[in-house]
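In the two complexes below, subunit A is the common chain; its partner is subunit B in one and subunit C in the other.
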Partner chain A sequence: MFRLLPFEFKRQSGGTVLAVNECGDFIKLSASDFSALSEKHFEELPSIILHQLESRHFIADEEHLQTAVALSANKYRSRREYLTVSTALHMLVVTLRCNHKCEYCQVSSKEADAYKYDMKPDVAEKIVDLIFQASSPVIKIEFQGGDALLNWPTVMAAVHRAEELNKTAKKELEFVACTNLHALNDEILADLAAHRIMLSTSLDGPCKIHDKHRIMRTDGSSHKIFCEKLALARKYLGHDKVNALMTTTVDSIDNVEAIIDEYVSMGFEGIFFRSLNPYGDAHKNNLYYPPEQYFSMFKRGIEYIVRLNKQGTRFVEYYTALLMRRILTPFSTGFVDLQSPSGAGVSGVIYDYTGDVYPADEARMLARMGDARFKMGNVYTNTFKDIFLSDVLKEILHKSCVETIPGCATCVYRTYCGVDVFRNYLETGDIANVRMDGFFCRKQTQIFDWLFEKMDDPDFMEVVGKWAEV
Partner chain B sequence: MPKRFHARIPLPRSVPQDGFIGKVTRNVFARGDNVVSCASFPLRKCLWIGNVHGLHTGDVVRIRPDGMIVRLWDSSSLHNCIYVTNTCNFKCTMCPQPPCADNPTQHTDNIRLLQLLDDNVEMIGITGGEPTLFPKRLTDYFSIINDKFPNARVEILTNGSPLADFNITKTLALAAPFNLCWCVSLHGDTAALAESIMHSHNGWDKAVQGIINLAKLQQQIEIRIVVTKKNAPYIEDIALFIYRNFPFVSHIAFMGQEIIGEALRNYSDIWIEPSEYVALLDRAVMHLHTSGMNVSIYNIPLCILPESCWPFARQSISDWKQCYVSCCEKCQRRDTCCGFFSTSGERLPKGIQALQRS
Partner chain C sequence: MRISVSTNDYTQSAILAAIKKQQVFADWGIEERSEQSTIISFAKARSSMADEECERRFRQQLNDELLREKLEHDFGAIRDLLVSAALSPIIGERS
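Take a look at the complex of A and B:
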């Protein structure tokens, strides 16, 4: 006797039905097979389908239910493994000063001489002391801005302190500096090389697109200096030590091929398509686009990248790679911005120049705008326990499980998706309130719909399927 | 089964019924002749057996009262096994070695065998019957192996079901040699399929629990699937099941059949021409490989496999029962091919042909 195990489903455009269970196993069924399944007329199912449903834990034989549950529990635990380690990603906002005033800046950067927003070296050291109380075997310290290079003494104070503490802690310690590269000089390069600090930078595309919104406070082309400094950084640090992010504005939508070509010609091995966040200056400057427009760019971009790969250029789109890894592998994935429960605070945490601790950059921005309800504490006045067991963090965890969020709970893609609590909060005033008609949900749904459709295309999967292992 | 040698040996009168076990050493007095040294034999320290062709210094043999020499360990081979017992809790349709009653003297013989072996042993197979039915025997072997051959690679063949008891598995895992791999047979991805092959109620559930227990104890695990007529249509599902549920296993082997014992008796129920399933096998192997799993194909000759599978095909058949057929004489890939089971006799797969090097 068979019985159903929990799963969600959705009718696809061709009439087939996609079903996904709690552990990320999926199956596509014909409409008639699905109706036989949903009515529990198991005898009507072809034997191979019945077998696959049982093998993938959509149904279980009563007699062997315990084994199905034990295996499902293991799979579920594996996918949630990121919850078993304490916070690994620690972001320090070392300054709000920036030599750019990008039109989409989500942190509302300040003039390059607004020193009052700089983090003091002793604050950075105090933060590092707190970071090392985390039990995570991996610690990644990311220096953000503004532009992290503009407050280099504080960055190095944190690096020195972390290396000192790591002599006894012996964790896998990584440093990343987020920068537009413009302020790179010999002294900083020497430090980067000596302390193995990686660089994370921004490249929006060819000169015209890049310079359109990435505007320097002094006149001139941001792109031109970027290219020079990128070559310099790679020469001293190694080709693979600089990663770039691409931000999609209304002007990139129609130029995705040119943007990809730019990344390829600059020797990057992949690109990360990032949609704009509705915070800070982006909103003000009306650089926004509806999710359908973003999706059409995304789709064209991926199709273009697949063609490039077929022609022999190895190139990856990292967001799709992440989704593929979630769909095609049984493993846990550590992407802070798309987790359930939310990775905010649990996987990553951000420290403001004052030593205030927030679960995410968005929460820090809200505080700057006068709403400090997501502050987890301060490194001077609170202990590690206070901060990481704060009511704020507990609330985020309680309210950000896709399994319990109305709308998400019955979504076929929820096992592969995650929650953007601060976007929910901004849009609805409640972190648990996901707007099904909001940008995030529509964008995610369109991408998932399309990827599951393309999964039947062997040519597509030969390229994109392999990204799951990137 | 071990190789037998005929030798005319002047045996002492009081040879035990099972004969005695000793190690072949070189006769220092008569060059080229072999001597079996046997400290436990009451009358003499050693026995001259003449220069038996095929025996090497370091081999361990049993000398039976009728003068027959049975080699238990071939020091020149990497395919030696300890047979823990002949009994098993399953009765698999395709078992080449049908189980029979346990004989406890097998254990004492194995201890003696391990004690006699030279220290330079690289590879020890532990098999049966079902070895884990006797955890105490295994821990005894493990302790000798840990003492004498700490670097030897040890492979233990099991159906996994006795390991469903966490305490047994824990005891074994704690005693296990450093370089030990549990090779667990799992012939299906659902209970119904697997039980139709192994004829044991709840045997599949127990094997699955056994694998989970081994993983909890951070043991090295290999999964072996013998492909028969029953599970061949589901090869891809089995591969997906293993990847989704047991991504921690270090190796997965799909195996062709050896037609002897139960397999011979049930030939028509289980035999499927490899050529009928190699396309499915190819997809299953590629899926596992691109997913980052180690995967191998055992016991299927290269000429029957699509070329994309060749990198995964191993020379898997133990040397003492491996053979080639006349067609292989002209084959230019023979030196990397597993060949055939001599034990399968005339029952060869269809499609054998000599391959040219391109």
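Take a look at the complex of A and C:
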């Protein structure tokens, strides 16, 4: 006699029912087979379905129940490997100064000569001392802005301190500088090469789209200088040492093919579709859009990329790759917004130029908008334990488990999804109040619905399946 | 638009869960409660969805929520067993 093992379900548009169990295995069933399963009329199920249900741990006979639970528990634990390590990603906001005044800027950047918004070198060194108290064997230090290159002495003070401490700590140490590349010069290039610092930059698409919202404080085309500096950076550092991120604006929505073409023509191997966050200037300028609009761009973009791949151009969309890896493999994939509990403050943490510590950039943005409730402490006035055992972080962990959040707890996509605690807070005033009609949930649900539908398309899976490295 | 739901057939928790999940299509709320029934009202159906379609989806959701409650009962303590077997080594390492 079979027993049911825990799963969630959702009726799909074609009349089938998708079921996903606790460890992330899934099965699509006809409505009648699902009805037989849920009514425990196992004798009505075809033997092939019964076999699939058993091998994927949706059912188990009494004799093998313990084994099924143990195997499921192993998979469950593998998916949550991120729980076993302490904070690895440490982001330092070395300045709020920027040579751009992008209309969607989360940071509300400051004039290029507003030096009072610079992090002092001794603050950076103090932060690095704190970072090395984390037990994580991997430490990634990311320098953010404004534009990180505009306060290069502080970046290098942090790099030197980290390298010094790492002589004894022997961690896997990585550096990334986030920049629009405009301030790149010979001195900085030499430092980047000598200390193996990667560059993370922004490219929104072809000139017209890129320059629409990425506006320089001086006159001129941001895109033109970006192209020159990208070539320079690749020449000195190597082609693969510069990665780019795009931000989706209302002007990208109808031009996704042109954006992808731009990435391909510039020699990038992939793109990360990223929706706009309603913080800072994006909030002030009212630049966001409904999730349906974002999803229509996302879907068109992926279909276009799949076509490119079928024609021989290998190109990846990294967010879809991440989701497919979550769906098709039992491995842990770190991504702050898609972890349960949230990875904010646990997988990544951000240090403002003052030494204030926040669990995520969005929390720091909220503080700049006048609400500092997520501040975890300050590197001068608090210890490592004060900060990483702060009430703020405990509250986030406590309230961001999708398994217990009303609505999320019974969502079929729960195992692959997560919580955007700051967006929840911004939209509802409560980090645990997930609104089914909120941006994050609507965006995620549409993407998951579509991906599961497309899994029946062999052409799609031939390309996208590879992204998950199955 | 008002929908009457018999409280003999549906639990309050199933009704509340269905309301929460259907917020994506319209603004829902509980208008009246009596011993036999709960009156649900909804307004401002999003996009061009007809009222009848909203009601159909709500009733489907309601039935599914009831099914979830039944399934949860069938799963019994297995979910807790599974999660505690999965996490106990991690919690052990941490403590």
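Operating definition for what follows: the second predicted complex is superposed on the first by the 469 of 470 C-alpha atoms of A that agree within 3 Å, B and C clash if a C-alpha of one lies under 4 Å from a C-alpha of the other, contacts with A are read in each partner's own complex, and residues count from 1 in each chain.
Please note the rule applied: a contact is a pair of C-beta atoms (placed from the backbone, for glycine too) under 8 Å apart; a residue touches a chain by one contact, two chains touch by 3 or more.
Predicted, not measured: the structure shown is a model, and the values here were computed from it.
Enquirer: Does the subunit A-based superposition show subunit B and subunit C clashing or fitting?
Expert: With subunit A aligned, subunit B clears subunit C, so fit.
Enquirer: Which holds for A:330: it touches subunit B only (first), subunit C only (second), both, or neither?
Expert: first
Enquirer: Regarding the shared-chain residue A:469, is it in contact with subunit B (first), subunit C (second), both, or neither?
Expert: Once the two structures are laid over each other on A, A:469 reaches subunit B alone.
Enquirer: Based on the superposed arrangement, let me know which partner A:25 touches: subunit B (first), subunit C (second), both, or neither?
Expert: Only subunit B is touched by A:25; subunit C is not.
Enquirer: Please indicate which partner A:3 is in contact with in the superposed arrangement: first for subunit B, second for subunit C, both, or neither.
Expert: So A:3 only meets subunit C here.
Enquirer: In the superposed arrangement, does A:54 touch subunit B (first), subunit C (second), both or neither?
Expert: first
Enquirer: Specify the partner with more touching residues on subunit A, choosing between subunit B and subunit C.
Expert: C
Enquirer: Please indicate which partner A:70 is in contact with in the superposed arrangement: first for subunit B, second for subunit C, both, or neither.
Expert: A:70 sits against subunit B and subunit C alike.
Enquirer: Could you say whether A:83 touches subunit B, subunit C, both of them, or neither, answering first, second, both or neither?
Expert: In the superposition, A:83 contacts subunit C only.
Enquirer: Which angle, in steps of 10°, is spanned at subunit A by subunit B and subunit C when each chain is reduced to its C-alpha centre?
Expert: About 90 degrees, rounded to the nearest 10.
Enquirer: Which value, in Å, gives the least CA distance between subunit B and subunit C in the superposed three-chain arrangement?
Expert: Taking the overlay as described at the top, subunit B lies 11 Å from subunit C at its nearest C-alpha.
Enquirer: Residues of subunit A that sit at the subunit B interface in one complex and at the subunit C interface in the other, please.
Expert: On subunit A, the overlap between the subunit B and subunit C contacts is residues 23, 70, 74.
Enquirer: Show which residues of subunit C lie in contact with subunit A when the two form their complex.
Expert: 17, 20-24, 46, 60, 64-65, 67-68, 70-71, 74-75, 78-79, 81-83, 85-87, 89-90, 93
Enquirer: Can you tell me which positions in subunit B touch subunit A when the two form their complex?
Expert: These residues of subunit B touch subunit A: 189-193, 202, 204-205, 208-209, 212, 233-234, 237-238, 240-241, 243-245, 247, 290-292.
Enquirer: Give every residue of subunit A touching subunit C within the complex, in rising order.
Expert: Listed in rising order, the residues are 3-9, 11, 22-23, 38, 40, 65, 69-70, 72-74, 76-77, 80, 83-84, 403, 406-407, 410, 435-437, 441-442, 445.
Enquirer: State the interface residues of subunit A toward subunit B in the complex, per the touch definition above.
Expert: Against subunit B, subunit A makes touches at 23, 25, 48, 51-52, 54-56, 61, 63-64, 66-67, 70-71, 74-75, 78, 328-331, 465-466, 468-469.
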